[in-house]
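Please find the structures below.
Each of the next two complexes has chain A plus one more chain, namely chain B in the first and chain C in the second.
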Partner chain A sequence: MDVRSQVSMVFHLDKCIGCHTCSVACKNVWTDREGTDYMWWNNVETKPGTGYPTRWEDQDAYKGGWVSDGKELSLRSTSKSKLVPNIFHNPAQPSMDDYYEPWTYRYEDLFNAPEGDDQPTAKPVSMVTGEYIDIEAGPNWDDDLGGSEIYAKNDINMEDLSPEQRQQMLSIERMAFFYLPRICNHCLNPACVASCPSGALYKRGEDGIVLVNQDVCRAWRSCIPACPYKKTYYNWSTGKSEKCILCFPRLESGQAPACMHSCVGRIRYLGNVLYDADRIAEMALLPDDQLVEAQREMILDPFDPKVIAAAKANGISDGIIQSAQKSPVYKFLKVWKIALPLHVEYRTFPMLFYVPPLLPVMSMTQGDVVKNDLDELFADIDKHRAPMAYLGKMFTGGNIGKLRYALRKQVAVRVWRRHVTVGDIDEIKARQALAEADTTPDEATAIYKLSALAGFEERFVVPPFQREMAIEMLEDPHEYRANAGFGSRTSPKRS
Partner chain B sequence: MTNYFWFGVFPYISLVVFFLATIRRYRTESFSYSSLSSQFLENEQHFWASVPFHYGILTVLGGHILAFLCPQMILGWNAVAARLIALEVTGLAVAILTLVGLINIVIRRLRFPKARRVTTAGDWFIYGGLLVQVVTGIGISINHGWGSSWFATSLTPWLWTLVKFNPDVSYITPMPLMVKAHIINAFLIILVFPFTRLVHILVVPNPYLWRKTQVVIWNWDRNRIRKSN
Partner chain C sequence: MFGLPKRLTILPLFLLGLLAANATAQDPPSEESINYFRTNCASCHTIGGGRLTGPDLKGLAERKDREWLVKFLLDPKATLDAGDPYGQKLLSDARGVYMPPVAGMNKELANKLLNLIDAESALEKSKFSGFQISERPLTDLDIATGKALFNGQKALQEGGPACISCHTLSGLSGLGGGLLGPDLSGAYSRLEGRKALGAWLSSPPSVVMQPLYTNSPLDSEEVLALVAYLKATAGTGELEAESTSLEFTLAGIALAAGLMVLFDILWRKRFRSVRRTLLAQR
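This part shows the complex of A and B:
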């Protein structure tokens, strides 16, 4: 057992209101520079939709992630033998057109325009070339199903649906959609790290954050196709790849990452979990529908004395073990089993988990009357608007059982709360719903509290990083005095 | 005297600058070592530019290095006329491939505004230098045939006198002007090399072939902690 600690996250999709505050917070802090203008380390997509970059989930085109033949794991986009040809021209490399060309407006035209009969306009200009452009795409072009004929229809997760289900999902009366905020998943088996010819990408041992060493990256661009989530980005100005750093400077000083701190819907949870790094290689070979369980198995019980002993032997401090015991992620993922990884079949073992959304039918029109039907609201999940096959493709590698379990439990929590607060569902029925969903009144109450009421400190259990002590073990702090904090004393400019 | 400067002194200037400046740049500005790829900004023509150019120039460079290190081998190969002709024709073909790639690079950088945006003055200088180099190279191979042989008999010995710090420019003095231009331009490229994007050649990622798949970096010493337990 090789116990390590990983800072991990849960996004509760039922709570996301699609406001993009998270994206803007991140952009203002990290990617408001030339070359990063088109990057959204945090982005929010409308599902069904094609996302950003367009159709990123289509791995036949983007070649992201790993494939397993049961014995060996290999990257879809590269290998040692493809190193040389890929370095000169990487056939799987997306181009700016797959994202969008960043733009701004000539605001000064509004002030400089000569007096006339018409209102002056500020024309859009490309942030790359500075020339006028016709805006053709943006990072959230399919927001709220905008242009759903083009975007929602082309969602790759709908592939397995029958034409009838597809039609149902897109028909105006049943139109179901939800938001999917995405950041780098800081995977356990990161494809980006494995693909980098220079070894510039690495996973930090003590917290699992995946970073690009800017001094070692040489723009071989391997990580960009390799990441199946398209969360490594190429800075076209400096010629370096960049990615979400999970706000490690904030975490190290005890603060929540900017996207999480600012989240309006309070959908985000952060905490560390302990996992067994020895099992990654073997688990990643399993068939798609066993991967959710495999990943859960790798996450260890932080209360188990054996785990604690092994963790200590590995240099994990008491403070970090304690924070793993308080971790909200551990509860959602292992205790309640209602959080699921996004596209686990890419086999990177993403460490950001989603509580899948319920999309119940709220009301129906009967003739001229709109009927609100309580029975429908708490109906069986199969009557919900998003077909199980659609959500299953996204969150469980096609294992519908795991998805049903997570959704049923959520419905049961609502039934129980309805019974407690409104009282129009009787106790026998409510208890029956709980039992059917493998839960209890106590658990349902705990789920309700952490989902709906939790304050800042319960949502974000930032482990004590002890960076200052860690550094002293390897380096003389005096040598690093007056250092900008990133180990770099020169400004990051193209030369 | 002019010959002595260009073929007896200038190579040293250029090599000294090359070594000092690349090492200094690597140590103080490692960040700036990048291939500065523009494939992200223009993904179609990139293939027809970068691929022929890189395979071409690497083969040509390899040929020159081989003739410098193992002249006897080349001469032995060339002893049979058919083999000599095969080598010459291959060399010319590869050089033309390089030229095609290079021209495509220049056209691509001019034609696509986004690619033009990230092309610096240094890049244009290097493209110019490389164009002169490849064109003179092709010119030599057409006008002054059997270069693979006379490189091995005349240029290799001269280069070795440079290595031994006893430059003997008499090997070069009788050479045609185009050959001289080719040599001077080569050392000019070496001279400016450390100040341009060419430095990416020095950081080719060979460790990839033998490193472990995943890279994990610890900020503390796990072994020390384990042992102290």
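This part shows the complex of A and C:
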């Protein structure tokens, strides 16, 4: 057992209102420089939709992630034999058109325009070329199902739906959608790290954050096709790749990442979990529908004395272990089992989990009449607007059972709370609903509290980073005593 | 004596040199100039053996004065183009073939050669009375052998390079021959036939060919075979060669276009813009 600590996240999709505050917070802090203007380390997509970059989930085109033949795991994008012929050009990269060409407006035209018959306008200019452009796409172009005839229709997760289901989803498209905020998943088995010919990408030992070393990166751009979530980006100005750093400078000083801190809907949770790194290789070979369970198995119980002993033997401090015991992620993922990884079939074991959205049907229009034709307030999940097959493709690798479990439990929590607060559902019925969803009144209350009432400290359990101790594992600080001082570091720029 | 500057000793040496120069005018031709004539001149000229490519040189001194002849040897083309009637006549006799510039020619060498020509002209039978090429009729076998020699399919006995490395011929299959040397399609008619062409091939005098073939000359049978081949291919004009190069260019363009199409087909599943593809499908 090789116990390691990983900073992990849960996004509660039922709470996301799609306001993009997280994206803007991230952009302002990290990607407001030349060359990064098209990057959205945090972006919010509307589902069904094609996301950013367009149709990033289409791995036939983008060649992201791993494939397993049951014996061996291999990258879809590259291999030892493909690396050399493709070293100067990885074919499967999204073009700038697939991301979008970043633009601004010539605002000064509003003030400087000579007097004329028409109002002056601020024309859009490309932030890359500085030329006037026609805006054709943006990072959230299909927000709230805009242009759904093109975008939502081509959502790859709808592939397995029957024509009727698809028709149904599209015909009621204006009601059935949800938001999917995405950041780097800081995977346990990151394809970007595996693909890098320079060894510039690495997964930090103490917290599992995946980073690009800007001094080592040689712009081979292998990571860009390799990452199935398209969360590594090439900075065209510095000639280096960049990605979400999970705001590690903020984490190291005990703060939540900028996107999480600013989240209006409070959908984001952060905490560390302990996992067994020895089992990754074996687990990643399992069939798609077993991967959710496999990943859960790798996450270890931080209360188990054996795990604690193994963690300590591996140099994990008491503070980190205690933090793992308080982690909200552990509760959502292992205790309640209602958080699921996004596209686990890419076999990178993403460490960002999502509580799937319910999308219940409340009422329907029939002619001019709005009618609630449901027998009960909380209908069965199969009557919900998003088909199970659709959500299952996204969150469970096609394992509908795991998805039903997570959704049923959420419905049961609502039934129980309705009973407690409103009282129009009687106790027997409410308890029956809980039992059917494999939960108890206590657990339902705990889920309700962490979902709806949790404060800052409960949502963000930032582990004590102890950088001063972490650095001692790599080098002796006394050696550098009196060597470092005041000065500046040069930013990575092409000379 | 010791007080005299050394400069004074140069004068007698200089005078001695003048004497020596004068002396060459009367001495019998040296071995050096004989060899020179053999390798450089004999391929086009005889002394008393009749015309090859160039005129018979017997009695040269009676035709023109020494000064003109020296000037001619130093720069044949300029002298022929100078426009005097004798030069014009020479050029028309040679059917427009200019005498090539002679390797290493200078005033002293020109005088030595003219002395040699004068001396040989005086003889009853000069040792340069003509290149002897077999008079036997040329057969199809000769033509085939010549072709093989030209193309380099059959190696030259003394190891000289095959003609095709520098020359092309109209009607040569494949990519044709090299373009460093002239097209040899008209060589047979230009050099007026068997004897002159044979003489040229036995000791090629041109600046490029001479150093290559001096130490690895062609065998007389090889000469004959090549003459046969060049004769067989003669008459097909240079106009045809022009069209060959146009065809060659067009073939190149067609091949490049074909390769592009092939790559496009082989790599048809390559990554293309995803978003634009979506828009196009609509």
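Please note the rule applied: the second predicted complex is superposed on the first by the 464 of 495 C-alpha atoms of A that agree within 3 Å, B and C clash if a C-alpha of one lies under 4 Å from a C-alpha of the other, contacts with A are read in each partner's own complex, and residues count from 1 in each chain.
The working rule: a contact is a pair of C-beta atoms (placed from the backbone, for glycine too) under 8 Å apart; a residue touches a chain by one contact, two chains touch by 3 or more.
Predicted, not measured: the structure shown is a model, and the values here were computed from it.
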* Asked: First (chain B), second (chain C), both or neither: which does A:Val128 touch?
  -> first
* Asked: Is A:Gln93 contacted by the first partner chain B, the second partner chain C, both or neither?
  -> both
* Could you tell me if A:Arg55 is touching chain B, chain C, both of them or neither one (first, second, both, neither)? => second
* Between chain B (first) and chain C (second), which does A:Ile150 come into contact with in this model arrangement: first, second, both, or neither? -> second
* Asked: Should A:Ala137 be classified as contacting the first partner (chain B), the second (chain C), both, or neither?
  -> second
* Asked: What is the contact status of A:Phe111 with respect to chain B (first) and chain C (second): first, second, both, or neither?
  -> neither
* To do: On the superposed three-chain arrangement, identify whether chain B or chain C touches more chain A residues.
  => B
* Structure fact -> On chain A, the footprints of chain B and chain C overlap at residues 91, 93-95, 97
* Would you pull the chain B residues touching chain A in the complex into a rising list? => 28-43, 46-47, 50-51, 54-55, 113-114, 116-118, 120, 122, 200, 203-205, 207-209, 211, 213-222, 224-226, 229
* **chain C-touching residues of chain A, taken from the complex the two chains share** => 50, 53-55, 58, 61-63, 91-95, 97-98, 137, 149-151, 154
* Structure fact -> chain C contacts chain A in the complex at 270-271, 273-276, 278-279, 281-282
* Contact footprint of chain B on chain A as seen in their complex -> 80, 83, 85, 87-91, 93-97, 126, 128-131, 189-190, 193-194, 196-199, 201-206, 214-221, 224, 234, 236-240, 312-315, 467, 469-471, 473-474, 488, 490, 492-495
